[in-house]
Structures are given as C-alpha cells and as structure tokens.
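One structure follows; several queries about it will come next.
Note that the chains are named A, B, C, D, E, F, G and H in the order they appear, and that numbering of residues resets to 1 at the start of each chain.
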Amino acid sequence: MRKVANGSLSVEEAEQRLKILAIEEVAGILKLDVGREVRKSVPEIILSEYKSADQLELAIKGLLEARGRAIASRLREDQFEVVKKFERDYDVVLSASRRVAVIKRRDYRAPKHGGRVGIVAAGTADLPIADEVRLLVEELGCEAVSIHDVGVAGLHRTLEAAKRLLEVDVDVVVAIAGMEGALPSVMASVLDVPVIGLPTSLGYGLGGSGIAALLSMLQSCSPGLVVVNIDKAMRAAVAAALIANRVARFRGSSGK
Amino acid sequence: MRKVANGSLSVEEAEQRLKILAIEEVAGILKLDVGREVRKSVPEIILSEYKSADQLELAIKGLLEARGRAIASRLREDQFEVVKKFERDYDVVLSASRRVAVIKRRDYRAPKHGGRVGIVAAGTADLPIADEVRLLVEELGCEAVSIHDVGVAGLHRTLEAAKRLLEVDVDVVVAIAGMEGALPSVMASVLDVPVIGLPTSLGYGLGGSGIAALLSMLQSCSPGLVVVNIDKAMRAAVAAALIANRVARFRGSSGK
Amino acid sequence: MRKVANGSLSVEEAEQRLKILAIEEVAGILKLDVGREVRKSVPEIILSEYKSADQLELAIKGLLEARGRAIASRLREDQFEVVKKFERDYDVVLSASRRVAVIKRRDYRAPKHGGRVGIVAAGTADLPIADEVRLLVEELGCEAVSIHDVGVAGLHRTLEAAKRLLEVDVDVVVAIAGMEGALPSVMASVLDVPVIGLPTSLGYGLGGSGIAALLSMLQSCSPGLVVVNIDKAMRAAVAAALIANRVARFRGSSGK
Amino acid sequence: MRKVANGSLSVEEAEQRLKILAIEEVAGILKLDVGREVRKSVPEIILSEYKSADQLELAIKGLLEARGRAIASRLREDQFEVVKKFERDYDVVLSASRRVAVIKRRDYRAPKHGGRVGIVAAGTADLPIADEVRLLVEELGCEAVSIHDVGVAGLHRTLEAAKRLLEVDVDVVVAIAGMEGALPSVMASVLDVPVIGLPTSLGYGLGGSGIAALLSMLQSCSPGLVVVNIDKAMRAAVAAALIANRVARFRGSSGK
Amino acid sequence: MRKVANGSLSVEEAEQRLKILAIEEVAGILKLDVGREVRKSVPEIILSEYKSADQLELAIKGLLEARGRAIASRLREDQFEVVKKFERDYDVVLSASRRVAVIKRRDYRAPKHGGRVGIVAAGTADLPIADEVRLLVEELGCEAVSIHDVGVAGLHRTLEAAKRLLEVDVDVVVAIAGMEGALPSVMASVLDVPVIGLPTSLGYGLGGSGIAALLSMLQSCSPGLVVVNIDKAMRAAVAAALIANRVARFRGSSGK
Amino acid sequence: MRKVANGSLSVEEAEQRLKILAIEEVAGILKLDVGREVRKSVPEIILSEYKSADQLELAIKGLLEARGRAIASRLREDQFEVVKKFERDYDVVLSASRRVAVIKRRDYRAPKHGGRVGIVAAGTADLPIADEVRLLVEELGCEAVSIHDVGVAGLHRTLEAAKRLLEVDVDVVVAIAGMEGALPSVMASVLDVPVIGLPTSLGYGLGGSGIAALLSMLQSCSPGLVVVNIDKAMRAAVAAALIANRVARFRGSSGK
Amino acid sequence: MRKVANGSLSVEEAEQRLKILAIEEVAGILKLDVGREVRKSVPEIILSEYKSADQLELAIKGLLEARGRAIASRLREDQFEVVKKFERDYDVVLSASRRVAVIKRRDYRAPKHGGRVGIVAAGTADLPIADEVRLLVEELGCEAVSIHDVGVAGLHRTLEAAKRLLEVDVDVVVAIAGMEGALPSVMASVLDVPVIGLPTSLGYGLGGSGIAALLSMLQSCSPGLVVVNIDKAMRAAVAAALIANRVARFRGSSGK
Amino acid sequence: MRKVANGSLSVEEAEQRLKILAIEEVAGILKLDVGREVRKSVPEIILSEYKSADQLELAIKGLLEARGRAIASRLREDQFEVVKKFERDYDVVLSASRRVAVIKRRDYRAPKHGGRVGIVAAGTADLPIADEVRLLVEELGCEAVSIHDVGVAGLHRTLEAAKRLLEVDVDVVVAIAGMEGALPSVMASVLDVPVIGLPTSLGYGLGGSGIAALLSMLQSCSPGLVVVNIDKAMRAAVAAALIANRVARFRGSSGK
C-alpha cells in the first residue's frame, strides 16, 4: 500500500496484488483439506470409466498406500486387466457385474458402522446394478439386505420383500428398476423409511434406456421417495450408507 | 386414344386425361362412402376444440338431422353456450367436466350393444376424464363400470377395484392415471382382459403434463396393455367400445 | 399387545411387529399366486434381451418342465446358440427374424382359442416384426391373417388388404409401420374392429427410429386405434390375442 | 502504403485500413441492392407478429408509397386496428383468419403470372391457414385452387380432391394438415407435381401442436414431398408461387 | 368345485369364481389399510392443485375430524378462500408462499420427533419454496434450520451456511436452487450428511424452468446427493423428515 | 339383398358382405395401379437400407426386367457386393459415396426431360450427399449443375456460386449443409428460384447430427426455402426433378 | 484434543468440533468478500424477474446507498411502478424495452473504462434486447456502437455493419438474432474480434422461441464465436464489457 | 439495355442479365478474399473428422506450402497414419489426445502475440480436451497456463487455481468440465476476466454426454461466462486467442 503512495507500485499492480492476497488466504486455509476430514465416513471412490489404464493403476496404488483399500466403480471391460494385476499382492473383490472392484491389503478390515440398507431389484436384468450397490454399501460399513426379482408384475413377491425389509428393520431402501420403474413407487408407498429410486438403463422404444423409469420416479406420488440418475449405483450406495450409518451412530451397539 | 393416333390430341393431353380417368373411377367408387357403411357402429363424434361457435352449431345440427343425436367432445369453455341453446328442443347430457356433450332428440334411444367396459381412475384429479369416457362408452352402446380413486398408493383399493371388474366380467378396461401412471400397469398385471392406458395431463416438473405417465405405460412390462395419447378420452372410449361390442355381438342376449 | 401393557415389549417393538403382521398376511395370501391363475390364458413369455446365456437357458428349462413350452422374445444374436441346443430334444420354432423362439415338447399341442388376428405390415422392412407377431398370436391360440407390403404409398394394396381382413372377419388388427407410420391410421379409418398400431424403428433423420411413426399413431384422428411402443411385437401380440380370444370364447365353435 | 514506409502510418493502422477498404468496396457494390433486383417476383411481406403498432404502420406506409401495395402476415389480434385505419384511403383485403392483410392503392392491379397452385386442407381447423395461403399466392400472381376437408379419414374425398387438381393441372400443391399429418403423404403418393407439406399447430398430448404432423411429413416415403415449418403459411405460399410462376413463365399465354 | 364336478357349474363360471375368490381375500386383508398403520409417521398431505374447491374443503374437513390437523400443499391462488373459511374455528398456518397451509384444531399439538433438517436456498427467488419445506418438516415433527441466499456466486456465504449446519449437527439437508443448480453439489461435497437436491422452476432460455438445475443435480459428482423433481417441496420435506426422524428415534432425548 | 328378405341370409352376414363389396370395387379399380400411370415421370427407387441382400437383388432384377433400369439408394456397405454382381451383364453407375447405384441394360438410355437443377454443398463433408443428389436428378432426366465448398464462411464463394446458377438459369436449387446449415438461407435470399434445403448429419454436441441445420432451415426467414429431412438425398432429388421437369415441359426444346 | 484425552469430550464431539473449526476459518477468510474486491469492475446487477415489489425496492435502495447507482434487469411489467417511485429523487434511465433500468444519484458519474463494444441486431424484433445490451455496456463503462436491421437476408447491410465496426475498431461484438440466428456466424466469419452470439426468443414452430438460433450458434463453424443463452442481454453485456475494458486498460488514453 | 429497346434482347434475357451483372460485381470484389486478409491472426484450422484420408493429406500439404504450418483438429483414430507420414520431412506436434496435430516446416517459427490464456480442467477425464486447447492457443501465439483436476468437489484446489491465474494475470480463462459442469460458474464468480465454458461429453444417464454441463453453463448466474458447444476445443481456443491477443496488442512488449 505504501508502495502505491510513494509511487513505486502502479495502481494496477496494487490492485492485482490485493486480489491475489485474498485468494491466497482462502486457498491456504482450504489446503488443510477441510473436505477430507469432514467427510471421512465416505472413502474416495474411483470413477474408472473415463480413465486410461495408467491413470487407473496410479489411482489404485495411491489409495492402497494411503488407506489400505481402493474402490473402483464403472470399470470398463478393457480395464479389468489393471485390476487383475493387484490380485497377487492384495485381496480383490468384484461385484457380479465386474464393474465395481475393491482392492485391499490382506490385513485390511473394513469398518462396520452398523447401518442397514435394503436393496430390492425389479427384474433379473437389474441384478448387476443391484450387486454393485450391495458391494459398495458393505464396503461403506453397512449391512446389506438384498432381495431380487420383486417387480410389480408379481405383486405378492413385492409385498413379501417389503415384509422382509420391515422385519430386518432397515434404515433405508435402494429400489432398482428399469422399463416403467414402478417398483420404487410401490415400495415407498408401503414402507416408512426413505427409499432411493435407482433407475436402470433398460427398455427400448420411446422412454427407453431408463428414461421412463427415471421420469416416473420423479413424478411418483409416494412419500419418501428420492431419486438418483440412471445406473448410478455408486451414488445410490453412498447416499444410502450416509443415511444408514448416521442412524447407526445413535443406535449404538445395543441395537434397537 | 384414337385422338392421339390421329393427331387431334397431344401426347400431353392424352397423358393428363388418363391420369384423371383413373382417379375419377376410384373417387367414384369411394363416393359411395364405403367408410360410413363399414363403420356404422361408431357414430361420428365432433372434435369441438378447434371449431368456431358457428362451425360447431352447424355440425351439431347436421348430426341431429341425420341421426337424431350429436356427440361433441373437447368443448372449450366458451363453446358451452352453443350447446346450451339446444336444451330447449333437445335432451342435452353433459359429462362432469362439461367437455363432452350429447344432444339428442327427445325420442332418441341410444343403442344397447351389450359390451361391458371397466373404467378405473387413479386419483380425484382424473375424475373429469374418467366421466368423459363413461358418457362416451354408454352412448356407444356399452355398459360402464366406473371405479375411482384406486391409485397404487392405496394398493388395497386397487385390488378391490380389480376384483369388482372381474365380478362384473368386463370385456375391456380403461385405466386412467397421471403423474407416474402406474395404475394401468398394475391393472394389466392382474386382469386377463385388454387394458387401455389413458394418461392424463397431470403432474409438474420433468415428465409432467402426463409425459411420464404416457412413457411408463409405453414401457410397461404388463401383458395386454395398450395406450392412447394424453387426455384422449374419446379415443380410449371408442377403442373400448369397439372391443366390448364385438364381444357382446357373440355373447348375445344369453349373457355369459 | 399384552406385552406392551406389562412392559415386556417396548413401544417400538410393538409398532414394528404390527407392521410385519399386516404385511405377512397379505403376502401369505398373495403367495398363492393370484396372478398366474387369473391370467392363465396368457403364458409367460421370456424377455431374453437383458439375460445372460445361463439365465436364458434356465428360464427355458423351467418353463418346459412346468408347461411343456417356452416362448422367448427379443433374442440377441449371441443367444441363438442357447436356443439351438434344445433342438435335439424339443421342437424349436423360430420367427423369420430369429428373435422369437418357441421351444416345445414334441407332444405339446398349443391351444386353439379361435381368435382371429389380422396382421398388416407397411413395407418389406417391417416383415421381421410382423412375423414375430404372427408366431406369437398363433402360440397364444389365435388364427393369424398376415398381409404384407400394404403401405399407403400403394393405396390400392392397402384397401385390398382391408377387404381381405373383412372377409375373414378378424377380431382385431395389428397394423405395423415405420417412417411416417400412416398405415394404422388408414386401417382404423376403414375397418370397424380395434386396430393396434405397432411402430417399427425404421427411418433416419428427425423423427427417425420409429419416433414419427409412434407420434403420428398417438395423434391419429381415426377411431379405434390404440398403440404400443416401438418394435414391441410381443406387447401387440398379447393384446391382440386377449381381445380375439375373448371374442372367440363367446363365438364358440359355431363360427359367426 | 507509402505512409507505412515513411513511418507516418503504424503497421496496425495500415492493417486496419486495408480491412476497411476491402469491406467498403464489397459493401459499396452490395448497396446497389442486388437482392431486390434479383428477387423482384417476390414482394417483401411484413412479418407483423413481433412489431409494435408504430413499427407496423410505418412498414405498411413505406411499402404503399414504394410499391402501391403492402402485405402483412401473422397479424396479432391487437394489431388489427392498425390495418383498419388504412381502409379509408386504400383497399384492404383480409384472409378469413384476419392474420394476413393486403393493403393496396385503389388503382393497384396485382400481377397475373399465371402459375396454378393447388391448396388442400385436411380439416375444418386447418381452414384459417389454408385461406392465408390462398390470399398470398393470389397476391403473388398465381391462380389458387382450394379444396377443404379432405383428410385421409375420408379417403374418397381425398381422391376426389386429387382428381380435381389433376384436371386443373396445377403446378404445385400445398397440402395442409395437423394432428398426424397424413394428407401430404397421400397427396404426394398420388400426384406427379411437387407437394409442399404445411403442418398446422393442432393436436394435444405427445406430438401435439403440429410436432407429429411435421415429423411424419419429414419421414414420409412419398416422392416429391417437401416441407415447411408448423403454421408457416407465408413460407409455403412463397415457395409455391416461385415454382408455379416459373412454370407459367414458359407456359406462356397459350396455356398448356 | 363340486359344482364343476357334478356339472351344475360351467367351466367358465368356475374359472371366474376362482379368480374372484383369490382377489377377494387379498382385498379383504388389504382393506385393513396396512399402509396407514405402517406409515403413521407421515400424515397424509393433500395435493390441492388439481382439486375443485369443494373437493379440497371436503378433504380438509375429513382430515380435521380424523386427525385434528389437515395439511394442504400446492394451493392454487383461487383455492385460498377455501382455507380462509377455516380460520374462524381452527388455527391456520401458511407458508410465505401461501401455497402450503396447515389447519389444526386449536388444541392440536404437533408431534416433536426430534429430527433436525437443514434447509439452504440459493437465491431470494427460492425463498417461497424453502419456506414451504420448513413449514412441512416442522409439521412432520422436525426442527428446521433455514439459511437463505447462499448460492455459490457468493462462496463465503455458502461455506458459512455449511458451518452453521455442522454446528447444529443436522441429520439431513434440503438444498434448493434454480438456474444452474450448483448449490446442492457444493453442499454435498462439504457435508457428511445426506443432501436432498430440490430444483426450482427458475431460469429462462434453454435449460430453463429448472431443467438445467435438475439435470446438473442428477449429474453431480458429489457423494450423498439425491434428488426430487422440480418445485417438489412436499416430496423433499417428507423424505427429509423420514431420514431425520429415524435418526432422532435412536438419538433419544439425551441429544447427541 | 333378397337373401336378407327371404331369410336365407342373416343380417350380420348381409352387413359383412356389403362391407366387402364396397371395398372390393375400390380395390378392383385401384389394382389398375393408378399411382404408377399417374406418376410415371418418377421411377421407383429402391430404399436398400432395410432390405436383406436377397430382397435387394430381387428388387433390382424385377426393375431391370420391367424397365431396363434399377436405381438403389441408401446402400449399406455390406450390400455393395449385391450391386457388383450385376456389373458383368449391366452398366453399373455409382455415386461417389457408393450409397446410390444405378444398374441399367447396356442399351438403356435415360430420358432427358430438360429440367435444370443447381446443387450447392457447403463443405467437403457434404460432397458424398451432393453427389448422390446429382446422380439421381440426372437419372430423373435433369441436367445437374454442381458447385461445392461454398459455405457462408467464405461468402465470396457463396455468391460466385449463386452467380453461376443464375447464368445457367437453373429451375430449382438443392442447397446442402450440415453444422449450423446457413447456406440454404443465404441462397434463398439471393436467388429467385425455389431452394430445397437438405441438411446433412454433420456436427457434434448439442444440435449435432444435422439437428441444428434442419431446425435453422425450418426457421429461416428467406423466401422460397423448403426443406427435406436430414441426409434425404433421394427425397431432395425427386422433388427437384419434379419441379425442374415440369418447367422444362413447357420450356420445350427451344430453351429459354 | 486434551479434552478427548482426559475424557471430558466424547470422540463424536471432538470430531464435530474439528469439522466446524475448519469450515469456520475458511468462512472467516471468505467473509472479507474476496469476490467483491476481485471483481469490482462489474457492479452487481439486480435480476428483478423473480423478486417481489418489496424485495426489488429494497435491493435498489441498498445499492443506491452503497454505490450511488442501482442497475435492474429483467423487470416485469408490474414492477415498473417500483422503479418510477425513484424518479423524484434520482435519475432513472430505461432501455427501450423498459426491462432494464438504471437508477442513480443525480451526482453519480458512471466510470468510463474505454472499452468499445459493437452491437448488431438482425431484425426490428431484436431491437428491445439490443437496446438493453447497449444501456448495460455503457453503464459498465464502455462505448457502444449499435447497428440494427442487418440480418443476412440483406447481405449488403450485414457487410456495411461489419465495415463500420472495423472502422470504429471495436474490441468485441455482440451479435443478436432470433429465428435461424445466422447473423453471428456471418459476423464472426468476417471480423477478427471475438463475437458473442445472443439468440432471441423469436420464431414459432419447431426450433422456435430461439432454440434454432441458439443451436445454430453453438454449431457454427465461424472462428471466434461464443454464445450466451436465449434473451440473456445482461450476460452478453457483462462478458462484452469484461473483454473490452481489459483491452482498454492497456490501450490507455492514447487510443490505438 | 439498348438491345431490349431494339428488340434484339427479350425482356427475360435482359432481366436475367441484370441479375448476373449485380452478383458478378459483388463476387468480383469478394474474390479478393476479404476474409483472409481481415482475419489473418487466426490461421485456417482443418476439421479432419469428416474428411477422407486423401482429402486430409491434400489439405495439410496445401497449408504447408502456403504457410509453412498446418493445424488439424478432430483427427479420427484412422487418420493418424496420414499425419505420421509427414514426420519425415516436417516437425509434427500432437496433443495428448492425438486428436490435434500441428505439422510445420522445420524452420517454421510460430508467432508470439503475447496473449495469456488460463486453462482449467475439472477432472482427469477432461485432460485430453484441455491439452488440445493448450496446443491450439500456443499455436495461435498465446502463452497458456494450464491447471488440472480443480473441480468444485475439491474447493480449495479450485481456489488455488484461481489464485494462480490471477498471479499470472491471464487475459481470459477456458474452463473445462463435464458431468454437472459447475467449474466455469465458480471460476466466473471469482475472476474478473471473461471465462469461456467448454463442456465435455462426459457423464451418463439423463443429461449425460455433456448436456447437463452445457445447460448449466448456459443457465449460470456468474457474470462474464460465455459458452461454446460440447467438446469444441478448437472453438474455445480460437475465441480465447482472439481475446488475449487483442489485449496483448495494446499491452505491448512492456508487459503489464
């Protein structure tokens, strides 16, 4: 400032410096990585799909070193080799779809936070996504209760599934369906816990690829239904785990 | 042809005449109005919406003279006066929505073809459309069985409705729903008669105005579900009547 | 309840149990598989497209054991081998498109319910879908009358087809068209039986892949036209069979 | 340039000047208004819709002075007063829809170029647009042959219209339809002159407001069909007049 | 069954009866209204928008009698009078937008379940929706913490809001934003509780009316973000309350 | 009729027969193939894309026998072999894109109707489509004037092209462009003959694949511009030929 | 931390406090309002559209006190009264559209940063938006050069405008167009300064309301063209001013 | 003209000649290639994607001869060989994505105009596009400052990037992001230079492939943000270079 006064600093330079100063302090603070500390209950999950083989391998190694475990979602078929390489030195767990992989040090023990997540899938075609959700919520410290093939075309199976979820007293339900996507609506109309609708990219013709499923979930009249985008298993799993684990935090070891 | 030969007719004129001749004969035949004779079981229904008051009045008068009855659908609020004028000399029947009107000579007796049409509506907001369907199928000679407020948010009511339709042994069901439009899917999964899904222009946000309802009906996995466009009460009613009355034609007076 | 009173049951446990109790009874009842008894005239049809080879084979075997016949629709090219395996021990019938397969015990006799379904296709490109509809309605117990290449670009062929359908006195017509999809409209304007419009995924540019065809069927002014989604041969076939067989049930063996 | 050499002109100034020079010459030439001379057979038509009352009045006055005639299309209801003012001193001709107005000096005589334009409209709701096309092509020097209510729902009327157009031997046809928009397709499949499809903003539900009509015209298989946007009466009229008048230019007064 | 055996019952009648019997039992059970008992923590909320004045009044009266409180959402301007009538005999509470109304007996005491819901709104235009969410979650037994005008255009305010929500230790956050809808993404990236993104129908041009906001929430990379449809205050509020109250149920009176 | 009177014919049979009779006569007439005679100036063009190799070969053979020439458009890469087979016995002419093929008897002489069609293409990527249009209009008896690489990014080339088209005095112009599709607008604003806008499926991002090009042509303010769907070379060529040949019919051999 | 050690602080409390601490520091820093200092060359502009009259008045007053000037954009018709009130004590300047208002203390002097912004509008209907851009860039300290009615339908006027902009040597051009939106493409192909395309909500039919204009700008091949959303005058003006004023900052008072 | 008078020239010929004359002069002028001189600061860049291998090679050779450097963007995988051929005789520089190639004479020295362009990319998947922008702006004579992996999910990194850009005092920023595309909004809200939002085709489900990113950038409230279409690295680079180099032109060699 004085520099400005005595002329050794142009007004423009002064102005520029003030700007930098302000940002600098903010950035300095933020560098402490507020986010990471704050959100420690949700580990970083690698979105593999748009990464090269090298980038993916690097990311896995980095997480293994820092945390002892790496979770990779949306693996492309051709990235599978990258994951296989780790099998020699690490435990590698795959979802049925082989699109989600967990690589861990052999002595790694995943946390058990105690949340309970119900997972219901409408048809056999929804199974790969459902299994991804299961693997993810388990790695996030929850207990998963999976029930399959309970689409509304077989109403009694739908209701049996609802009964089972009530018995287990899950904290949240992830309801998975493609085509017309009616399952989450019916689940949310019967259960009194939040339901996360997860549309899958099934169906052809107008409204296909999960569009009709997503839109009908967004339009649903059933109370307590929230939605994630088509095929976003990871997104549904993380939200479910956040809900369930927060409940579990207060439920404690004494159970209900 | 000879004219061409002897030069008194240019090639182009000859060609032109041949074209006209061919069309002329076709048109001559068609003038017999094949269509009308063929389709007599479905009376003409006036689509009022895009007509001026004068055009509407003229159309009604024309049908009253020719048939003793005029049916007008999609009446605009401001066309209501046109219909009221006929009350002095004719019987005027209106749907609850006042968008469908039947004007008939006092001695007119609508045919009774004996078809049975079930009409189920998901919510109270679907009632106006449902009543339009009812009035139309009745005028088309069917018996209507209407059940309201049976959306899947109250599953037991949905199933009670299905039971009632089975008892009456309807020939076809018109299932009406807006928002996520799940009712027709559930009905078609439970009943063994054809179900006509009729989406209504309810709902806001993405997929609103009946879009999600229509798409989820188009994507439905339930067997036997066919669809008409959003709010097309008349279209659903005519298709239902065609189905039901054809069944009734063979069922005869002996009933089931 | 008494437990609540004497304190041995917490309020929360009581509440939870009541919920389960209610669902349990419903589920108990529903387990009788109301649906299957109710809808027995429509056999289950396997949607192959989203199944793995193993899942498909299992499904076929299951149906063969339970019913003596398995119908699979939307077969992917790579699933064809699964079907071929059954040829040694069973009769295997394929649609021209090889996307619909019927596998039956050699002594299986399909029911003859007596319904009559007209099938008209606009162009040669619509033939594969048309043949799928034919095979399916025949397996559903109907008599099929197929007429091809009758798009409105050749109006006289369109009308000849209409004439033939009237002579045979079909109970319902499946009208198949891609591109601008005008055939179902014209058919429905000429015939007095319900017409099911089945758009095919033909056409390129804006409105291509069957979109314009579907939309123009949804917008059609012709009475009695209902619609299924693009390429949904199975859906059209089942709806047609439900209509035709219900008529046939009352027509009896005496014919018209 | 020399200025650059002797330093009295900076390089940047020189560069800037060269740019201006080049554009200037082009602009200078173009100022001769190539366009107007070139396109004189099509008079300027005022698009009223987005103009204020003052802007519209000014535009009309300008054309009346320069040409003795002003044509205004897409008049808003509230702009009608502007047009009425001219009635005292000029001849004012309106389309039935009152959305197209022609204001001319009492002694103005529109050219007669001799083109023949057929105009067919599917339904009564298409009449206002059809009459706008008629008025415009007449003002553009053509003879108009208008035939209404010839939608494909009444096929014989459609063919009668085609016959009449062949008899008159029109040079081009404007085919107008809303809803599913099948009329232009059928016309183009029957006639051997170019057909301009003009979709109208009729119809509700998915594909409504003319969307399905436009898309099905774009997808049509009929040879010789071209399209303009929804409700664009003026655009269809000008294209039709350009075609017809060019034919007429060579047909001469001797007729065919 | 015996009737079938001894011939006094036709096969068709028998079949029909079996169908009815099965449905009847289900319906009988379901009539107990499983749903209501099961979901008692969420009271019925009237969707006023598509109801007539009479229907709305009836619905309010019904709920007042049965429960002592009626909640109505999406009130149209013209329905406001209906609500006002109740002011003489009941307490009437309105949201700032006057689109949500709570009518209660003067002695009615809303439950306090103890859930804590954070509500953040991006701009002043989002306030009406935000206040609807607040009123609803309070009536659903939660404590609401509302913070406004914290859009990402003012990042420091966004972070201050996050800090406040952490201090209060809310169980779930409803993040409200129109236009580009970035607030929920940023909130979910900073907080470790589930965030419900609620897009509002703000913004014009492509992606306006909340479309871009909804899509960007659906596409967001931030963990723990789920979504409801545009303007669906009620849906967001109920989901938030279900989550928060389930946490509170285990947190008990002892607080954290 | 008499049969009805004396009772040997039921009313239903009579009715059915009347229907058939009416259609039969129409169909009988139409069988003369009105269409073909009427439209002889436009030969049938095979849409190869959706045909099997066998269907295509059959279609080509049929046309070669009947007319001595077969034109096939939209050839798929894998259909090229079918066309090659004919090279031994016939002349085979291909467009640069190898998607349009003309197969003719060695002594076949295409008609020369004398129409003049201008063809302008915006970029090098539009060349394949442009050459298809050229080949087709030539086969349809027109003289083609093709000018390439005249997109509005090089305005002087655009105007030079316009000049050349005026010198040749073409009867109609096909203007081809992808991306933003501005060329047809500029051409139509400069020329006084009808311009057919042909959008190509170029461009990526929002509005890509020809969508923006098509929409901007549909929205264009330039008089005399009509449009065909994206990539529809055949449709544009046939319409252009119909226009040009009709002009030529009156222009006669004397030229202008 | 010590509290944790000695047990007086639970782990959960500790964790919670750490989170708050981190956010607190960040928020504390940010409170210095980095943004405002940093971006001082762009004053806050009130988006009036979604504000109530009270909110708007408050916002204006606030800015007047703090800065001596308030700029309000997107004024609704009914908000005009709010602005008028200020006329007694302040200078009020309005854009021609009356949708942008500048209210200033009588002694307020807007800064002159020296940037030069060219503004070109395609048609008379684009004038209101063009004038909003002009008023805004002037208030942002730029010199505006506005040229109207230079759509590509009159190419010579388009080029004359380009010439003028080169002569003035503007730093950036805002090119405004609705319908097919070709003006910005042509401008960007002729000028060597950045061009900001501003589509306006003109045009009807498919691609209307500015959609085709926006898409064709996004698809344009012309170098140097960037885009803002439909009707976003304020957004275009601010971007133009940022560009022009940065240039001016270095150009200094000495001009070029 | 005299010819007209003395009859040796028909009126039509005269008219035709006048048209040509006018265009001819314009074209003559334009042939000077106004555009090229005017826009010399932006070299031609080859859009490789839609070119054949031969066309591409020709284009590269042409530019190498004329300018000593050829820049090719949007190279397809299969076009890479074409570029490799030039390596023997020329310097070939590739972007990391291998989709942008610069081929130059070994003695070619790219201009240094002195503009400073900041490039920020949200995620690792955005790197290929970011590197294309870098290579292009460098070839256009700018200094590029690239910062990666600064998506808003890691807010402190976002702000650090902003700080760095302020320190370097860039003239313009290209902000690159897929998915929900929030980075450009945040950058524009923090910086006081124009920001060009460049959405990338990342993301799946509704709003995927860059749609949500583009829409949210178009809807953004942040001042100074303009947009280019999805994946349009070249378009963003050219606009950025035009802005930066214009600033640099006045900044001169003396720096700031």
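One rule holds in what follows: a contact is a pair of C-beta atoms (placed from the backbone, for glycine too) under 8 Å apart; a residue touches a chain by one contact, two chains touch by 3 or more.
No experiment lies behind these values; they were computed from the predicted model shown.
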Farthest chain (mean CA position) relative to subunit A: D
Interface sides of subunit B and subunit D: same vs different residues, half threshold: different
Centroid distance [mean C-alpha coordinates] between subunit E and subunit C, Å: 38
Whole-Å gap separating subunit B and subunit E, where each centre is the average of the chain's CA atoms: 37
Approximate Å spacing (C-alpha centroids) for the pair subunit C, subunit H: 52
Interface hub residues of subunit D, defined as touching at least two other chains: 12, 19, 23, 26, 29-30, 32, 34-35, 38, 123, 153-155, 166, 189-190, 192, 205-208, 211, 218-219, 221, 229, 256
Residues of subunit C that touch subunit A when the two form their complex: 12-13, 16, 19-20, 23-24, 26-27, 29-35, 47, 49-51, 55, 201, 210-211, 214, 229-232
Residue ranges of subunit H touching subunit A (in the complex, touch as defined): 123-125, 153-157, 159-160, 162-163, 166-167, 169, 190, 192, 202, 204-208, 256
Sites on subunit A touched by subunit E in the complex: 34-35, 38-42, 45, 47, 166, 171-172, 189-194, 196, 218-219, 221, 223-229, 235-236, 238-239, 242-243, 246-247, 250-252, 256
In the complex with subunit E, residue positions of subunit H that touch it: 123, 151-155, 179-182, 185-186, 189-190, 203, 205-208, 211-213, 215-222
